[in-house]
Amino acid sequence: MKNKKAETLDDALDRISDGDTVLVGGFGLSGIPEKLIDGVCDRGLRNLTVVNNSSGAGRIGVARMLERGCVGKVICSFPWGGASAVFKELYEAGKVDLEIVPQGILAERMRAAGAGLGGVLLPIGLGTEIAEGKAIHTVDGLEYLIEPALPGDIALVKAQKADPRGNLIYRLAARNMNPIMAMAAKYTIVEVDEDVALGTLAPENIMTPGVFVDRYLVTGRYRPETWEGAWS
Amino acid sequence: MTQKSPLSREQIAKRVAAELQDDWLVNLGLGIPTLAVDYVPEGRDVIFHSENGIIGMGPKPGDADVDTDLMSAGKGPVTLIPGASFVHHADSFAVARGGRLDAAILGAYQVAANGDFANWRLPGKHVGGIGGAMDIAYGAQRVFITMSHTGKDGSPKLVETLTYPLTTRNCVTKVFTEIAVVAVTPDGFVLEETAPGYTPDDVVAVTGAPLIVPDEVGEIAA
Amino acid sequence: MKNKKAETLDDALDRISDGDTVLVGGFGLSGIPEKLIDGVCDRGLRNLTVVNNSSGAGRIGVARMLERGCVGKVICSFPWGGASAVFKELYEAGKVDLEIVPQGILAERMRAAGAGLGGVLLPIGLGTEIAEGKAIHTVDGLEYLIEPALPGDIALVKAQKADPRGNLIYRLAARNMNPIMAMAAKYTIVEVDEDVALGTLAPENIMTPGVFVDRYLVTGRYRPETWEGAWS
Amino acid sequence: MTQKSPLSREQIAKRVAAELQDDWLVNLGLGIPTLAVDYVPEGRDVIFHSENGIIGMGPKPGDADVDTDLMSAGKGPVTLIPGASFVHHADSFAVARGGRLDAAILGAYQVAANGDFANWRLPGKHVGGIGGAMDIAYGAQRVFITMSHTGKDGSPKLVETLTYPLTTRNCVTKVFTEIAVVAVTPDGFVLEETAPGYTPDDVVAVTGAPLIVPDEVGEIAA
């Protein structure tokens, strides 16, 4: 059986390259692959397109990737949170691009990529700025925006447990976009609290089958040095 | 004549919470909507949906029980009711867009007489973002808006046509402000209730679109 | 709390009407709501459009609905199984219509309905009979068929356990199309082996949240009188 | 000269199974492909996917352990390997269409020199159906076809252009018959191996499209 367990952070991340589109799990303070994010920062990667629900908050999540100059573009639904100071500064200085995608569209576009679809017909955003320049298709007299699939080169995913095949379960609401991103990327790297023996996870309870996972790194449960600036 | 008593944020939350019926599935936006969770009328089993994938959010935990893996879409720590469940984001928005939400309570910058509303972008400013509002407002069976009746400069927020960027078309059911409850109908805005001490004319004066005033207008039970 | 538990089969089925589109779970011999199917037969419903993976086998699954004259149209991916004798006879006599939808398209079209999408862009079926008369949309130079959502008026679903809120878990491969159908119909009726007390099902293991379930009936585990004709 | 020994169904299954590499995820169609599960070369961990939502199918159980909730897409009773999991149909076809299958082994009525194949409908007959073949053949990294080299009437099944209804375009990697292994390349069919006793000319004679014969053609290890 292929060994998907990475022994070091560098080992886990050796497939990421400058310019990649990186899907980064997490919502608010939950389910963020913080150790993998540290690793991306330390590797000095550049010009990444980062997909996340937000642009980071305080020094949580993708905010650190922005701070360290790894990011050329952010695709997210909530860029201007009160705590998104790092992003705001870079954006206003013209150092990072932004594509705003409503949260439900973001989830469906990534799911479409994972499911091998070209895109989906969405009934929302019609008449709004979001619809500008997009194709519209009519089904049974109702209009829909055609939204293309949003695949990643890499997904950085946070899960609770992995088994040797890379099967994953998630803790509480830390699930969020993680299972979708695991399916939507060409290469999926997972940070887990713990790994468990083969056969430990009940087949019916596995949320992400290991066929969607390329590498996992056991980090224990992450606690940031400070929550400062993350809550406003 | 009674003194004019505009509702507090808590009183607006309480008034909109009175709309929530037994067995409803409800999504709450940030701000005043979040407060509504504390005012669900007794005896009504209302299930709260959080777009980050929680179905069955319970009240805020004590400080010792805060878990960063169990927080609402507004980053507030929450608990679970018995029978709660988790879904990923695509399924969570399937709940919303697929029509399972009996109601959503959201904030707004403006509401138009045709039910359009704006809540995501202030032109020229970098504040907030769209988040999940478009999907939720599209899919919910009823969209209840809580907001101040006018802006800080006194300009009406109930308007004929939006001047702020649209969130979702033709979706607002009712608006709850500090001075009135206003329904959105095929004929436009209809005044349903006023805050204590306010006359219908007081409300008409600060509403930026025709406001239909029925013969009977109740007082908000604040 | 709303009582979603039906006490009788008639009670469970009182919302189905002649002419409804009925999504019926099950694949092969697994996860078929057989008791609910018996109930539909006994109510003498007519002109239903039935969506299932197959057209039934032997006297299993939708085959009995066909045999009893309840069905005007079948939408499925595998109509001509060796054991689909009832359907074959009716079809060749011109008594029932057929729409063949490849299995993956069938699943995605129902998922789209459940997710409030107008449809999806599918890369398969291009150049085949399946594509005839369908719109094609190009994304990044690749062609896709636009496949519309396939919603049901009613879903008949088989699960293993339900709690009073209607939360469901499924047994082994009996899951199949059931969770998708539960989401895709206006009104979802579930047959379960057993019901369990509120709070018994772990929130992280629930596969279909009760918000997608309208009624459930506890039937115990179903065993057909005969498997005859079901295996060929 | 060696006697002509066409391969049995089991020998074809064994030959195609030799293609399966360690760690591959593989989907098997009905018929000969299903037999391949018994011939995976020792020491290779091959994971079998069944489109009805099983990832990690194991071998057939004893009669006493047959469970109708645990059967392959071909309605055969199966077991689970350690680390197996279940997904619903939409996610199961996401596995296939999304490109996670390293290989699919399928049957066919015809294969064309450009990699098109037909396996779902015989014109004028009501047999079978499309099932999941279109999605699986589209998404799999490699499509291996097992079939007889000719029809019962002797007509070639490897052809220039399909005359039977198309399943999926440009997807076939190799074809495994009772007399040959034939690769599908940008230049068309290329003969790779012949069954014991068969010459390249024997195969060319019953192939309905140009067959490139390299200098070295191996014998199938049957």
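When the chains are written out, they are named A, B, C and D in that same order, and each has its own residue count from 1.
Here, contacts are C-beta pairs under 8 Å (C-beta built on N, C-alpha and C of every residue); 3 or more make two chains touch, one makes a residue touch a chain.
Everything quoted here is computed from the prediction, not taken from an experiment.
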Between C-D and A-D, flag the pair that has more C-beta pairs in contact.
C-D
Using mean C-alpha positions as chain centres, tell me how far chain A is from chain C in Å, no decimals.
33
Separation of chain C from chain D, taking each centre as the mean of its C-alpha atoms, in whole Å:
29
The distance between the C-alpha centres of chain B and chain D, rounded to whole Å, is 57
Chain centres from averaged Cα atoms put chain A and chain D apart, in whole Å, by 36
Would you give the residues of chain B that are in contact with at least 2 other chains, written as numbers and ranges?
86-87, 90, 93, 96-97, 135, 138
Within chain C, the set of residues that touch 2 or more other chains is 108, 115-117, 123, 170-172, 175, 203-204, 207
Considering only which chains touch which, label the overall pattern as line, ring, star, complete or other.
other
Along chain A, where are the residues that touch chain C in the complex?
108, 112, 115-123, 135, 137, 139-140, 142, 144, 146, 148-149, 169-172, 175, 202-205, 207
In the complex, the residues of chain B that touch chain A are 50-54, 67-71, 73, 75, 86-90, 92-93, 96-97, 121, 126-136, 138, 165-169
Any idea which chain C residues touch chain B in the complex?
1-2, 113-117, 163-165, 167, 183, 198-199, 201, 203-204, 206, 209-212
In their shared complex, at which residues does chain D touch chain A?
22-23, 25, 45, 47, 49, 55-56, 80, 82-87, 90-91, 93-100, 135, 138-139
Can you name the residues of chain A that touch chain B in the complex?
27-31, 53-54, 76-81, 88, 91-92, 100, 102-108, 110-111, 123-130, 170-180, 207, 231
